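Notes follow once the structure below has been shown.
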Amino acid sequence: MNENTGTLITIITEAPLEHTITRDIERLGAHGFTITDARGKGKRGLRDAGWDASSNIRIEVLCSSDIAEKIARRMKQRYYMNYAMVVYRQEVSVSRPEEF
Amino acid sequence: MTDPIILFFLLGISAGLLKSELRLPVAIYDFVSMLLLLAIGMKGGIELAKQPFMLLLPQILAVMIMGFVLPLFAFPVLHYVGRFMRADAASIAAHYGSVSVGTFAVAVAYMGTNGLTFESHMPLLLVVLEIPAILVGILLARGFSGKIQWGLVAHEVFAGKGIVLLLGGLVIGWIAGPEGVVSITPLFFDLFKGILALFLLEMGLIAASKVSSLRQYGAFLVVFGIAMPLFSSAVGVILGYALGMTVGGTAMLAILAASASYIAVPAAMRISVPEANPTLSLTASLGITFPFNVLIGIPLYYQLAATTHRVLGG
Amino acid sequence: MTDPIILFFLLGISAGLLKSELRLPVAIYDFVSMLLLLAIGMKGGIELAKQPFMLLLPQILAVMIMGFVLPLFAFPVLHYVGRFMRADAASIAAHYGSVSVGTFAVAVAYMGTNGLTFESHMPLLLVVLEIPAILVGILLARGFSGKIQWGLVAHEVFAGKGIVLLLGGLVIGWIAGPEGVVSITPLFFDLFKGILALFLLEMGLIAASKVSSLRQYGAFLVVFGIAMPLFSSAVGVILGYALGMTVGGTAMLAILAASASYIAVPAAMRISVPEANPTLSLTASLGITFPFNVLIGIPLYYQLAATTHRVLGG
Amino acid sequence: MTDPIILFFLLGISAGLLKSELRLPVAIYDFVSMLLLLAIGMKGGIELAKQPFMLLLPQILAVMIMGFVLPLFAFPVLHYVGRFMRADAASIAAHYGSVSVGTFAVAVAYMGTNGLTFESHMPLLLVVLEIPAILVGILLARGFSGKIQWGLVAHEVFAGKGIVLLLGGLVIGWIAGPEGVVSITPLFFDLFKGILALFLLEMGLIAASKVSSLRQYGAFLVVFGIAMPLFSSAVGVILGYALGMTVGGTAMLAILAASASYIAVPAAMRISVPEANPTLSLTASLGITFPFNVLIGIPLYYQLAATTHRVLGG
Amino acid sequence: MNENTGTLITIITEAPLEHTITRDIERLGAHGFTITDARGKGKRGLRDAGWDASSNIRIEVLCSSDIAEKIARRMKQRYYMNYAMVVYRQEVSVSRPEEF
Amino acid sequence: MNENTGTLITIITEAPLEHTITRDIERLGAHGFTITDARGKGKRGLRDAGWDASSNIRIEVLCSSDIAEKIARRMKQRYYMNYAMVVYRQEVSVSRPEEF
């Protein structure tokens, strides 16, 4: 199989940011993303999803490590201060690497 | 005889305080809210069709000015007396300058149960009152010099679910008229109070979940969450009387003034004043003011309106 | 003329056996259950307001004792005849000692369709019967010496959705009274049977999904799932007659006795007797006893009650 | 006086074009669809009980043949004129040969509002028309020689939510009869138009979301999405007249012919002709044909049927 | 703790494929899977979950690297061409390795 | 960027355990968690989420490897025997490491 390593960057944050952040992600060069609804707890307290504004989303982006770096930086700069957010990255092997 | 919808609210609060696992599924909460917003909008629209729009313009303008002025009263109290940060004070002020559709729905039910009437264009004033306080809140937080993405704010407000459904319902009711909506009456109007009961059950659960943050943020928020609606309702009563409204209409305007937003304003503030802590404003609005208005405020404001009309004549 | 709600149940079973992708969305299943629980509670509460509570105490006590006794019959059969592990036998016994609100709702509909009446405080007995079997089940599994987290169990039972909504509805109906609930009648009472139809559609799908586990766990579970409700219904009939209930009330008590829990008890057992295999008890309760009661049991128990009253006089 | 359900559709389109965040939660969309499918099925079943089934057989056969023939007209146009790939042309043709339950529901409402009647077994013809086009579509894409997993296709079609609920409702209505369903009338029939209004709100939002793909796929798809239903409706009118249907029945058959599937067929095509691009067919069906039929087509086809009957006599 | 590394393979694809793919997965020897509902964007456009047919699922399978390889291969061969799909793999340490 | 590796521990288990397990997690020193609803299949059979009691949750915790170890141990000791549960761990790089 033509296979390659890529970076998977995961962003957990407030649901209402969905559109702004996916726009950011695409502008920074990623070719796709996957979103699941989530709830959770962190330093900004419980976010229990009973309520649109109090629910979280979990955004996953498969991309090159460069783009992942850019995305992480952008998140930090634009959202960390004021929004509930956690970001982490992993190396993964992707079966369809040509696109990332 | 207590209105059962109030009992549903109390059931929600009790279940919440007992840490019951009871919750309305999110999809059902959305469904119930949509039905209420559409029904309120349509009710208003149907009646609106009966009167010339131009006659309402002065009222609309006066009420809009009230929406600009109320947060200007709230802000200094929050900032200087309550010692909240500028952004937080501005955000809370915006919440209290705007309105709550849930409170309005309970008021509509209250008036109906007690056989009271009010000016039928109230839903229009509800829509009108949602927006000015948001603008004032943003300006209070940023100042006139600040860089504000007005486009984003406008989209957040006007394309938000609440305004679209209220205004959409209004227009549908207006065009379809009383006979037009007969076929959809069973869903939107006959079920109205049952749906409102479910909504209040969930609101009770949400209000109860704010108790722990209440403890954290202290007494000032509690006092403000009761004093501010009392003050605003007085402003509403005076304005209603001055505009020549009926007792019912005056009471409804007082209720609108006294209610605090918990949907449209939080969403707009999160985008335009993100450094404001949303827990503060939602704790006040949902944890104190909403229960206060539903349980005590609505009949109180009606009394206030009735007394004013009696004393001053009209 | 077959009652259409039974047809909905059969549709669910058929669709399930045909491996159709049909499912009620989880949120809708929750919504439908909430409406049924609240409606049943309120119906009971409204009627309860009409009679002095003290007169009911003897009945409540007697029924509670039945709730303690039934699982004590079931346990040895399951453990010694059926050769189930101690924990599994205790858990299944608890399911059959407790009650199913879904079965009760179908019985209410059955009585209504056939113009039959019954003691209006039945929903109260429903609540009363939910709990004793849980305690017995836990003690059977653990013995009196075992370390049991009663606090956790109590919270699981009393703060669970089912009890909160049933009891909450009961209290709301009680306080609001028959005139009070008029405004919410369209949602909670007019839609009752339609909502019940949707509920039964989903229950049919769930029952059908248990067929494969049925095959796995063999004939004993099938026999028990039919014999136990027959036995319990006889106990219920005798108790109802002894308590001086009407034919309708006697039948309803038999139905309560014969029904097996599939919500409150599984949740409580999962926490307090986790080593019991939940698939066993749910397969019996949902896969056999619920369909049996809905399709055959309810009219049968009514006949049993009627015959008993005719033969013994009353 | 415009029917408010059409206004709900327009509200959905407007909100969608304004990029409002308004959406019906998925669970609610499913709920609303289920209620419509069951209601339509039951309505048909109730009426069906009144007439001997054998008399309908010729009509059923004729309509089935129409379902085989329509996609055979659409395919060459799409493949040779529109220059779509074989698979895409076959898939789109299948969509247009089959039917849309949403369009049918709007037509039912339209007939009701205007006091028009039609043959009561129309829901049966709706079910009959769903399937033939799927078979034709698959054969057009694969040829007779191709390896087709008919078992999978059959399961996808017959066990799919749509057919199960329509047919299930039909059978329930048939067995229960008009008196039987009285108890579930408030949910399934009284709320019908309100539920349809919510459904159309969401359909408007979906239609609006297809605008960008419309731009991408160009003018041919737009023309086809309007011309094809016009052509099919003419076929439907001729067939209805030839079968001796009333004006109303003829109109309903024309509407069925003109409507394009967006649930059953896409699901079946995705499995059996996966190389067809689903965006193409859904853009045409939901973005053009559904709005066209709802806003313009339905009254137009009725006129066509009425004129035909007047001119040709009948 | 008795612990071992295993492979976590994640498949993001169209919701209607759920049954076919889980059947594939089991046939290839995996002992379980976990599914969450998702939405996303990729080369086949926006899949926004408003609609059953337009929503995604995210399937996770913990298995040996051999089985993961087989699953990836099978996905590629059977679905890549015609369906929206992304597949990636990671090494993880599993606390209950005996079963995989 | 100030960046660090941390451990991501993922627990897939029965939905009704949500409160007990998140309490465990917080007591063991983790500062947050994220939960998504899931369904799945494992040695305890199909858990298809049609029903509250038959649905799964997927809990993710970002923490130090020590705390992850403690969490895994606790899960094993308290729940493995009687509940449907799978636990796995990965190293990830976190963009906001100060808190873990």
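In order of appearance the chains are A, B, C, D, E and F, and numbering begins at 1 in each one.
What we mean here is this: contacts are C-beta pairs under 8 Å (C-beta built on N, C-alpha and C of every residue); 3 or more make two chains touch, one makes a residue touch a chain.
None of the values given here were measured: they were computed from a predicted structure.
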A-F against D-E, pair bridged by the larger set of C-beta contacts: A-F
Same vs different contact residues, subunit B with subunit C, by half of numbers used: different
Remotest chain, subunit C as reference, centres from CA atoms: A
Identity of the chain that, by mean CA position, is farthest from subunit D: F
Distance from the mean Cα position of subunit C to that of subunit A, given in whole angstrom: 46
Where subunit C and subunit F are represented by their mean Cα positions, the distance between them in whole Å: 35
Distance from subunit E to subunit A - Cα centre to Cα centre, in angstrom: 19
Two or more partner chains touched - positions in subunit F: 36-37, 90
Where subunit B touches two or more other chains at once, by residue number: 25-28, 30, 186, 191
Chain-chain contacts as defined at top: A-B, A-E, A-F, B-C, B-D, C-D, C-F, D-E, E-F
Subunit E to subunit F touching residues, read off their complex: 1, 3, 6, 8, 22, 26, 31-37, 62, 90-96, 99
Residue numbers on subunit E that touch subunit D, as the complex places them: 14, 16, 45, 48-53, 55, 81-83
Subunit D-facing residues of subunit C, complex: 1-5, 7-8, 11, 14-15, 18-22, 24-28, 109, 112-113, 186, 190-191, 193-195, 197-198
Touching residues (chain side subunit D, partner subunit C) in the complex: 25-28, 30-31, 34, 155, 158-161, 164-165, 168, 171-172, 175-177, 179-181, 183-188, 191
Parts of subunit F lying in touch with subunit E, wherever the complex brings them together: 12, 36-43, 56, 58, 69, 72-73, 75-76, 80, 85-90
